[in-house]
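Worksheet: the structure to be examined is printed underneath.
Letters A, B and C mark the chains in the order given here, with residues in each chain numbered from 1 onward.
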Amino acid sequence: MSRDHILHRIRTALGRSPGQAAADSPAARIRIPEVDMEARITSFRTRLEELAGHCHRAATPEEARTFVAAAIAGKCALASNAPYLAECGIAALSGVRSGITDRAELRELCATAEVGITSADYALADTGTLVMISSPREARMISLLPPAHIAVLPRDRILTGLDELLALHPLPSNETSSMVLITGPSRTADIEQILVRGVHGPGEVTVVIVG
Amino acid sequence: MVDQLMPQIGMAMVEVLERLGYRVDFPEQQTCCGQPAFNSGYRAEARTVALHFLDTFDASEAVVVPSGSCASMVKNHYASLFEKEPAMLARAESLAGRVWEFSEFLTRVAGVEDVGARFEDVVTYHDGCHSLREMGIREGPRRLLARVRGLDLREMQPPEECCGFGGTFAVKFAELSGAMARTKIDAILRTGARTVVSADPSCLMQIQGVLSRAGAPVRTVHLAEVLASR
Amino acid sequence: MSIQFDRKIHQTLENANLQLAVYTATGRLKDGRTQIVSPAELPDYQELRTEAHDLKKHVMENLDHYLEEFERNVEAHGGHVVYAKDATEVTDFIVGLAKERGARRIVKAKSMTSEELDLNERLEHHGLEAVETDLGEFIVQLAHERPFHIVGPSLHKTRYDVAELFTKNLGVEREEVPEKQTAIARKVLRQKFLAADMGISGANMLVADSGAVVLVENEGNIRLTTSAPKIHIAVAGIEKMIPRAQDLATFLKLLARSGTGQRLSVYTSILSGPRREGEIDGPDEFYVVLLDNGRTRVLADRAKRQSLYCLRCGACLNTCPVYRKIGGHSFPWVYSGPIGAIITPQFLGIGHEPALPFASSLCGACAEVCPVKIEIPELLLTLRGEVRKAETRDRKNLLEKLAFRLFAWIMTHPRLYEMAGRAAAAMAPSETGGWIRSAPALMNIGPLRAWLSQRDLPPAPPKSFRELWRRR
């Protein structure tokens, strides 16, 4: 059986025996810088805008709702089941479908929606990244299929960076089948090095930071 | 190579060293460091030549070499030729501590930057890859050139690209080597310099060879020759 | 070298447009990297490289342990692990599963490992349609070509090439604007994603403590490939393993920066197992195929084992002055550039292309940019020594061996050396003190001819250094 054969070859190559413990591994390197919230928000915005993403600050959930309503005016939008979106009243906006739990239905709606609205589990300040954990509240496709993606999150979800994320979630796989870090709009330069946005994923990414 | 093709480099180096008060000796039995054989995969032949080099310089207080690639061969690669021979290995390691590339000797051993040179020209400096990456020599030559009176140094963009010599690579992959050299020439010409300076004779031969073939009005000169000029 | 190798290099060097494309594309990636790992941007870059190197070294030296840990965790999360020793076993597994599930349409994410296996061809042979979804890969698939570069597969294609390919294969009207061509591909591929029964990806990294597959991309096709179809299969070399999810703090800081000059790729996916209870979308089945295909042999070679640390970032390609001239298609195997030069002989045998380890000026730029500090020039030298040993054993290339024996002999006999020098100087064509452009017919052979084909030779000086020295 190939498994045994391959493992045997490996052990022979390394001079190890079955069941032998591994040598001590180098320590994982997690270094979390001290950065205050305002600096985090500024950094996040700068990084995201460098990548042609958009960042909007809303002082309150109501403001967030107003902003999103204007952004999706006349467009067909699909929102995730994130409680925060309900809290902001975004899920209930006209033109927004939400509350979908059936995979097939979700896919059909995503395929025709012009905007996908989600919250986000975290944002990473040093790279302008959104962290999306697949769950009953957040489906994978909403931030992927529609050509535009709007994410609305409270400012306290903004972390300094990847190190902090991994310190909080050392084993993401225990919680979810998919953790995706989204850093700006989809892009390619495969044809003559010319930058084109929105290849398969959304070409427009807008992050609304509340608070 | 210096001995047979570019003796003026050797003479220039001697002059600078003597100007600084060093007594210079030239052990006449020296021939080659063995790098051509080593880089071509002929380790036994390289080892034979390396042994001769060790015999030649065992007793020398300091060995100054006008070539980064040769110095690197002795300092960084001789050990692997004598891996399994403790006595030879010890000799190689001892010698490695006493071998210096020319600019390295000036800046790190002699501790000088101004050697009293004058060289009125617009020049650009080419870093030999072995000097740069195996010996970590980058700032030294530039500090030396900065103190040369009348010299205007312009850096190439992009910097630090291989000239394409690579030893036998230059003849085994001649067309490719030539293409790499011509890219280098483009960078040189863009600086507006009229002279290319380098501390590596093999790079100089490659670069000058292509400049000459292209009919470009740019000459090459070894760092030692610049520093020997008054 | 083999005639093919020589010819491919020559053809690429002759093609001015291709030269420009390769040089500028790699130049951009190279400059992007330089900027984003500079001390101002990433002050602990060198420390991170050392850590990444040490982590990879540790995993390789304890690989069996980590594979077993990985397997346990994949299964704990509802996935399955399959070990495959070669391309046939990988194909048999996928085809077998497809038959069982009645799956026929497959979408693929860019994966060098699958190129190594010729996977698409093999699947098509069994009646399964496997469509590449990365734009560059999609283009080269239509052209029936290999990817040109690890990160930019269609680097060598112009918009006119793409226009041709699209009209011919997709039945669309001719379109020459890249943005519009991209839109066409997006539309076509979207249908494929949504209709696919199975998605096959590679893996940038495998995470032992999580049973997870990490995938990075800029387009979104990998997310679609691994989320839309009901079955996701990740095919990955065993060497892709890292110990812990927390080690991503090291590797993700290096990977995109080194390869494309980005801080992070647009999408970084950490995937494990089929969708969990309550998750709305995602695959129902998740498989990781762990591939050997020669890796265990490389593992057994202590000195060259470090070749397996490679993250496939492409930094060495982008910085290599040789790759930037001859491009990916000149190389004999799917892996090109400096990393290709060291792993091809190890996987396919040094006899496959004995000249390959010599197609380098040993400038060392690759080692400087490798995020995991693989000593590529050292390994090239080792491989050169192996080629010579094989030649001695097979009694090949005897003339050159003799020449170097002669070289060694002359160089250990100083008086002989001096005599040889004087003889060469006497024979040298003497132009009026100027550099030599050509040699008389009888002498115009071998190395002299090769040298003179590209550049002039310095004139022989009137006196050698030792002659001048003696006269002081």
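In this section, a contact is a pair of C-beta atoms (placed from the backbone, for glycine too) under 8 Å apart; a residue touches a chain by one contact, two chains touch by 3 or more.
What you see is a predicted model; the values in this text were computed from it and never measured.
Separation of subunit A from subunit C in touch steps, taking the shortest path, is 1. Placing every chain at the mean of its C-alpha atoms, the farthest one from subunit A is found to be B.
Spacing of subunit A relative to subunit C, judged by their CA centroids, is 30 angstrom. A straight line joining the Cα centres of subunit B and subunit C is 32 Å long. Look at where the CA atoms of subunit A average out and do the same for subunit B: the two points lie 53 Å apart.
Along subunit C, no residue makes contact with two or more other chains. Within the complex, the subunit B residues that touch subunit C are 2-8, 10-11, 14, 26, 28-32, 34, 36-43, 45-46, 48-49, 51-52, 129-130, 132-134, 158, 160-162, 164-181, 183, 205-206, 208-210, 212-213. Remark: subunit C residues 1, 9-10, 13, 19, 23, 27, 31, 321-322, 325-326, 355, 357-365, 367-368, 381, 384-388, 400-401, 404-405, 407-408, 410-412, 414, 417, 421, 424-425, 434-435, 437, 446-447, 450-451, 453-458, 460-461, 463-469 touch subunit B in the complex.
Chain contact summary for the complex, subunit A toward subunit C: residues 1-3, 5-7, 9-14, 16, 18, 20-23, 25-26, 28-31, 47, 81, 100-103, 106-107, 111, 126-127, 129, 134-136, 139-141, 144-145, 162-163, 166-167, 169-174, 176-194, 196, 198-202.
Interface of subunit C with subunit A (complex): residues 21, 24-25, 28, 48, 51, 54-55, 58-59, 61-68, 73, 77, 83-85, 89, 133-136, 139, 152-155, 157-159, 162, 178-179, 181-182, 185-186, 189-190, 193-194, 207, 209-212, 218-221, 223-224, 227-228, 238, 243-250, 252-253, 262-276, 278-282, 286, 290, 292, 296-297, 299-300.
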